[in-house]
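Two complexes are shown next, each including chain A; its partner changes from chain B in the first to chain C in the second.
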Partner chain A sequence: MGIQTNALLVISIPLLGSLLIPLLGWAGLKKATGPLTVILIGAANILTWPLLLPVLHGGMWHWSYGLYRWISLSLTVDALAVFMAFTASLIATLIAIYSLGYIEHTDDEPEYYFIVTLFLGAMMGLVFSTNLIFLYLFWEIAALACWRLIGYYREPDYIWKADKAFLVTFGGAVLMLFGFVLVFLQYGTFEITELRGHEIGTVALVLIMAGVFSKSATVPLHTWLPDAGVAPSTITSLLHAAILVKIGLYGFARMFCNGMVISPRAQTGILIIALASAFISACAALKETNIKRMLAYSTVSQIGYTFLGLAAFTHNGYIGALLYIMAHGFAKGGLFLCAGIIEHGTHTKDMTKMGGLIKKMPITAIAYAICALSIAGIPPMAGFFSKWFVISGLVEGGHKVIATLAILTAVLTLFYMMKSFHVVFLGESRGESHAEGVPVMVTVVAILAGLTILTSILLQLPYHLASVADGERLLKLATLVWR
Partner chain B sequence: MQQSMRLFLILPLVAAILMPWASKLGRRIADVLVAVTGLGLMVLSLCFIPYAGTTSTFQLFGAQFAVDGLSLLFLIVVNAVAFFCILYSIDYIDHYGGRAKFYALMLLMILGLNGILLAQDLFSLYVYLEVASISSYVLVAYNLKFDGIESALKYLLLSVVGTGLTLMGISLIYLNCGTIGFEALKAVLSSIGIGAASPVFLLAAGLFMAGFGLKAAIVPFHAWLPDAHPSAPAPISAMLSGVVIKVAGVYSLIRIFLYIYPAPSQILKIFLVLGIISMIAGAIIAYFQSDIKRMLAYSSISQIGYILIGLGIGNPLAIMGALFHVFNHAMFKSLLFLNSGAIQYRTGTRNINEMGGLESRMRVTGATGIFGTLSIAGVPPFNGFWSKLFIVMGAVVAGKYVIAFLMVFFSIFTLGYFLLIQRRVFFGKLNMKWADIKEAPLTMSLAMIFLAATCLLSGIFFSQVVQSVIEPAANLLMGGK
Partner chain C sequence: MNPETLLILPILIPVIFAIVALPFFRKQASSAAVLVLIAVVLSFGSFLLIEGSSAQLVHPWVDNISLNFSMTGWKALLIGFAFVFQLMTCLHLLTSLRRIAKPFLFAFSILLAFAATAGVILTDNVMVLLIFWEIFLVALYGAIHSGGDASEAVARKALIIGGASDFLMILGLMLFFIIGGRPEMTGMISTGSSFTALISFILLFLGAGAKAGMFPFHTWIPDAAEAMPAQGFAAMPASLEKILGISFLFTITHSMFIMNDTVRLIMYLFAAATIFVSIIPAFIEKDLKRVLALTAIMPAGFMIAGMATSEAAGMAGALMLMLTHATYKSTMFLSAANFEERAGGTSLEKLEGIGRIMPYTALGFVFAFLAAISLPPTGGFLAKEMIFEGLIAGGHMVMFAVLWIGATLSVAVFCKIIAVLWAGNAQVERSEAPATQTLPVLILGLASLAGGVIFFAVKGIFGRIIVFDDPYWLSAAYHPSPLAVASLGVYLFGALLYFLAREKSVTASATFNQMGESPVLGTALRMAREKKFDGYEIGVKVLEWLAGIVFRYVERLIDLVADGLIAFGRWLFQPLLSSIHNGVYCNYLGWVIAGLAAVLFFLFGTSHI
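Entry: the complex of A and B
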């Protein structure tokens, strides 16, 4: 199988396969929709595996289908794309498996599974597209899927939050599209590969960053994420924290680390916003007592961290950011799923009403601890290395003050993560007695914790991939200089 | 091929005349007759797509008619939407009765609209405009209740003023040019090189602007629309909002100002200003409505604003966007009106505050409603996205950044108030009053599904749609430029 076919299959299996799910639902085979989703998403993940090796050897493939004048579906297979596709689809597979145990009590299973699969399809399309119009198109399909996922349970409150999330991200994305059009006006193309090395105007940059920041829930456009994290099911919050918000990060990496150039002043601006976002939301997480809101604020904070790494535009910063996208995906995924199990068992999200759960839910507690340690950046966890790379990348880029403040934020993160573990799992039990979660849910949590450890032990592999991606980044820029 | 073009006029006329006899034979016969006519017209219009780049003329009733790229685009829009509305009416009209009359009037309306599109001189255009208008006055009043009759009367009175102004404009033109045929007029106007200079032509232009602007419901000529569209039966609202305002209003404006007149810059500026006002005013007023159909009616004004802005910018991209938006708006706005009709059919109310949770009872209506909402807001991959993108790109290329930004902003606003409808009507807790309502009957559901599919597919395959019908139409308008 050629690389092209392979990549096309990765995109089209979930995207087109999702259409089968409502059909199954109408045909009365509701029970089959869940397993089908696992198969579709799992297939997408397995199909990214054969891509890993070629890109590790530094291969890069680019081809495009012209649709209409300057609008063409351009696909690029490179280390960055494969890295994101692999991470996202792996987490999504686990989410789909976890859903089998979680979602079966509701009537609209086909709808739920349809949207999850569609979402992953959009994500895969986004990751491989290098035409700005298609980047935007898949970006919005993902937003659309989110809108329906947050509003999945039809409580008026949830629906309002779903609408809010949709409006904020749609608004940001439309501004971003406007920015794309301004870029088009300047350079006459929507192809990222052709825009490489061109500096874009400030207005266009601000507009594009509005889209990136709104999608990646960066302060001040972050408010939808804590709401979306609390309102609906655990799976939705997980999908948001582990995959959706990474879209903005990926977009930034694709557009600015591998393509268009921004001025040093704009770079400083982005670094400051990212730092402020990381710091402010860490403070918010510290104060929060609702476990899911706390985790959502922590996501905002970690996203800020990742932005710091990307916007440093240095070797270590870029590697750190990519590693952190993966490490955070696994660890935050694990944390949200633990929160889901706890909520199922205790029927509350309020951490102050929990306590002593380690005796009742030992596996969940251990998984929570592992994931929390990784997020907090304790060596030898993957989170530590990522943060270390980010900070050294910042220093490398000469942003010493920002690096110092970033370390301070990391300390805060450690503090609230440990505090939450202490309140929830240790001490006296403050509620009724609870049992461990359903086996399938606990298994998935254990897998995610295992993946967190695994990425820490086998850090060379993602590191290698990330440095290939960085090498490509440098190579792309170098060829430009030569030209 | 040229022979079969006559069918656009003959088919609806014959079917309308046969309707009383057909209904005597049985109501199913009438249903079949009207459905077959509608389907035939739609297929016929689609058959002309390969000839989009050419102009072909024919004679009928002693007058000259022609189909070119621009009229073909509108013919497809009219006949496709008309077919879906007819399909929808078959079950819907049960609750009004008098189906033969209804079908006959609807066919006459289609005849009038097709006539406007095929006409090759201003006077025929006027005559067919009246045919379409008169049948629509009656159809608006079809429920024979106070609000229907009142708004039909309002529509009638305002329209008569509009068409009167148009007729005056036509006489002025005839007086000064000695001809009213499109091609002849075009030649005369470009030979004397007017456009801007001569006050008589500008006066005529003003009269046309007011007359056809009223038909297109451009602010400030819009007062009739928010009354007429809601009180009409749903398929008629869909026809009025989706097609009639575009053919009677927008098409005539395009034909006169971008085709016959050499697109004088004053006129384009007026398009632009009125377009912006319509877009903003329509959207803001729509937000405050609690009657679902009124909301949709105001949103039509807002969307017509987008089309006018595209025309006013006047570069190829924007014009293509505007024409594509004509097509798209016809599809999603008819869809949304049919949705609201299905809701009213089952619940008997149009007040969105009394609804809620209907999605769990009316699956098809709910799902297609989401399609309509996303299309109108311009969310990809639905069709509304591409047309808005083209218009915005046109504005940016023309250096009109503020206008582009306004359009972007109001598409967010549009999404906002359509999400409001979704939230109040379809999602949320089910109002117990509606605990045992059912999905709309078969043909109504089918019509909605077809329209929703059109919205999605013409978005996904936008390049095919643009290349086959939109570009020829835009080329015709941009001819030589």
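Entry: the complex of A and C
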């Protein structure tokens, strides 16, 4: 199978395969929808594996299917795209497996699985697209899927929160689309590969960043993400770990680290916003008592960290950010799924009503501790290496003050993560607590915790992939300078 | 097996035992203790096989990080010392592990700590060092927590302080690498060469100092001593952690930077603060483990001062104090564990006269006491003499005076402890601890006593890492000099201070309690006991307050505005949207046709672009 076919299958299997799921539901095969989802998403992940080796050797492929003049379905298979596709589909597969135990007693299983699969399909389409219009198209499919999934339980308040998430991300995306139009008016193309090395205007940048920040839940466009905690835990896990917020990060990496150029002043502005986002949301996480909202604020904070790495535009910063996308994905995915087990067992999200759960849920507790330590940046967990490279990248780029403040935020992260572990799992029980979750759910959180450690032991692989991605980035910039 | 492979066995063996074998003995504390001992013996055995070699293992990992381990004479000395503490602790645990609240967690943590210690000592790569260092920190968290659920808050405190200081150290290292141009801990960069160099030094110094228990990062230590099993404190904060911190400080001051007067002054200020904030509260402390913990903080001040001199004698003295302090403080904590087991607690009042009913344990404690007050021929004596000598040689007389006062006060505090153990009426029946628990105390006690002689024997190793002249060593023997008079003064004034205070007290344990009643010092000490000056507690309150402000007035405000805008938009557009989205089929059809027209216009109407 060629690289091109392979990449197309990675996109189309979940995207088109998702349409089969409602059909199964209508055919009365509700129980088959879950396994089919696992197969579709798992297949997408398995199909990324053969792409890993070629891109690790520096391979890069680009195709363009012209549709109408300057609108074409342009696909690029490079280290960045494969890195994102592999990470997102792996986490999504695990979440889909977990869903088999989590979502089985709800009424709308086919709808749930249909949208989850569509969600991943949109993500896969987005990571391989290098035409801004298609980028926007997949971006919005993800937004629609997200809107439906957040309001999955249909309570009026939940629907309001789903609407809020949609309106913020959609509003941001519309502004981004205007930004794309401005870029088109300036350079006459929507192709990122053709825009490479071109500096874009301030207005266009602000508009595009509004879309990026709204999708990646960066302060001040972040408040929809904690509110999205009303969704099933599997969905919050998907939003935080695998797909939605990572779309913003990927968009930034694709458009600005591997593409268009921004001015140093704009770079400083982005760094300051990212730092403020990391700090403000870390403060919020410290004060929050709802476990899912606390973890959501933590995501906003860690996304800020990742932006710091990307916006440093340095070798270490870029590698750190990519590694963090993976490390945060495993750890935050694990934490949200742990939160799901806890919520199932205790029937509450209020951490002050928990306590002493380590005795009843030892595996969940250990998995939570490992993932929390990774988010806090404690070695040998994967989060440590990512943070090391991000901070190193900031120092390398001469942003020493921002690096120092980022470290203070990391201390804050350590503090609230340890506090949450203490409140939830240690001490005396303060409320209802049942035994450990169902085996499939516990196994998945254990795997994610294991991946958190395994990523650091086998750090060479993601590091090498991230290095190749950075090498391609630098090569492209060097080529431009030469030209 | 080749020496390169053997090199990593001291790291791997404890980890394998902890992860693979130990879980099978979750409910059998005695068997778990045997398993821990076997792991340490095997690990020690593998170390002995390579001890004399200069084996090196380099395995590329990522970027400029390589799994780089080597054995040198200095490393062999450090790791040899570490193994002695580990063996003694394990011997003690054979009968005492089952009395710990969470024995499995303790055994697991201690094995992890042993592996991490070996890793920190054997590695040559800074990143790998940091990793092992953090593993040690996590193991410390577990060991403290094994004291019971109530001790988790202290464990968390230790983890957060340790983690925060490590983040500072990471930033310092990055700045150092930027200045040095390569990721190696060598370079001899002058701290006066640039502001970045100065900041890098300070950050690294704070990180290493925090490991050694330096002010203001010390506050978790007395709390941990009270909360965690004494055996754990003997093995970790009292010995291994201090060794790791001070040896890293030595690397900073000896191989990475050339210090100027500014950083020397900074180090002296931290050293002086460390000495006084620890020794003064020790006078009125009522719990043996807390007294021992406070007196374990004070030597960090001496070691930092010794390093700051940049004199060969001062640096060698600091390193010797690092090793000798670890020896005698471990002895004292293992003794405290024995006392605690018999007396049911470690309050000084409860322990009055316990030395007479536990003579062997108390004898070991007395040996350690002699080293602690630095009587010849103990290692404590040799180390303090050399630090004093370094300070005098460098002309740092104010710091010499500070250290002299600190040493004198320390003698007074230890005299009180010895008096408590041997005077008064015992409140428990006569019975010594099992041999497995007295033997380590006596062995380590004797090692403390003979420390000076041992260090003379390993002089060659010190000579290889620090070039210094024989007179420094010779001065350790008694000879008429102003320094000898000063040292004598330490014992005399310290003892005098104790006897004067003892006369005014009814019981030995109440000695110096008068200090707590004085208007200024007493108030300050009471406030310190209430953690009013505890940097961590203050930091947590400030952090919570700041987080509260940011959360309420920034984050919530943003959310309010966002919700308001969305609600406004709904109010504005809902009537229009409702009229469009009214469920009437022809209406939707109209929209579809309009949409199609728009698409057609887009496709054909813009073809001129």
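By definition in this document, the second predicted complex is superposed on the first by the 469 of 483 C-alpha atoms of A that agree within 3 Å, B and C clash if a C-alpha of one lies under 4 Å from a C-alpha of the other, contacts with A are read in each partner's own complex, and residues count from 1 in each chain.
Convention: a residue touches a chain if its C-beta (ideal position, glycine included) is under 8 Å from a C-beta of that chain, and two chains touch if they have at least 3 such contacts.
The structure presented is a predicted model; accordingly, all values stated were derived computationally and were not measured.
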| said: Between chain B and chain C, whom does A:Asp163 touch in the aligned arrangement: first, second, both, or neither? | reply: both
| message | Of the two partners chain B and chain C, which one touches more residues belonging to chain A? | response | C
| task | Examine A:Pro35 and indicate which partner it touches, taking first as chain B and second as chain C; both and neither are also allowed. | result | neither
| message | Output check: A:Tyr68 vs chain B and chain C. Expected answer is one of first, second, both, neither. What do you get? | response | both
| query | Does the superposition put A:Gly58 against chain B (first), chain C (second), both, or neither? | reply | neither
| request: Determine, under the contact definition given at the top, whether A:Pro362 touches first (chain B), second (chain C), both, or neither. | output: neither
| Which partner does A:Ala284 contact after superposing on A: first (chain B), second (chain C), both, neither? | second
| task | Scan A:Pro50 for contacts with chain B and chain C and give back first, second, both or neither. | result | neither
| remark: Where chain B and chain C land on the same part of chain A: residues 68, 163, 167
| If you look only at chain A, which of its residues touch chain B in the complex? | 67-68, 71, 133, 136-137, 140-141, 143-144, 151, 154-156, 159-160, 163, 166-167, 170-171, 174-175, 177-178, 181-182, 184-185
| query | Of all residues in chain A, which touch chain C in the complex? | reply | 68-69, 163-164, 167-168, 219-224, 279-284, 286-288, 319, 373, 376-380, 384-385, 388, 391-392, 395-396, 400, 403-404, 407, 410-412, 414-415, 418-419, 422, 426-428, 459-460, 463-464, 467
| task | Flag every residue of chain B that touches chain A in the complex, lowest number first. | result | 357, 359-360, 374, 377-381, 385, 389, 392-393, 396-397, 404-405, 408, 411-412, 415-416, 419-420, 422-423, 427-429, 462-463, 466-467
| request: Please name which positions on chain C make contact with chain A in the complex. | output: 61-63, 127, 130-131, 134-135, 137-138, 149, 152-153, 156, 159-160, 163-164, 167-168, 170-171, 174-175, 178, 196, 540, 543-544, 546-548, 550-551, 554-555, 558-559, 562-563, 566, 569, 603, 607, 609
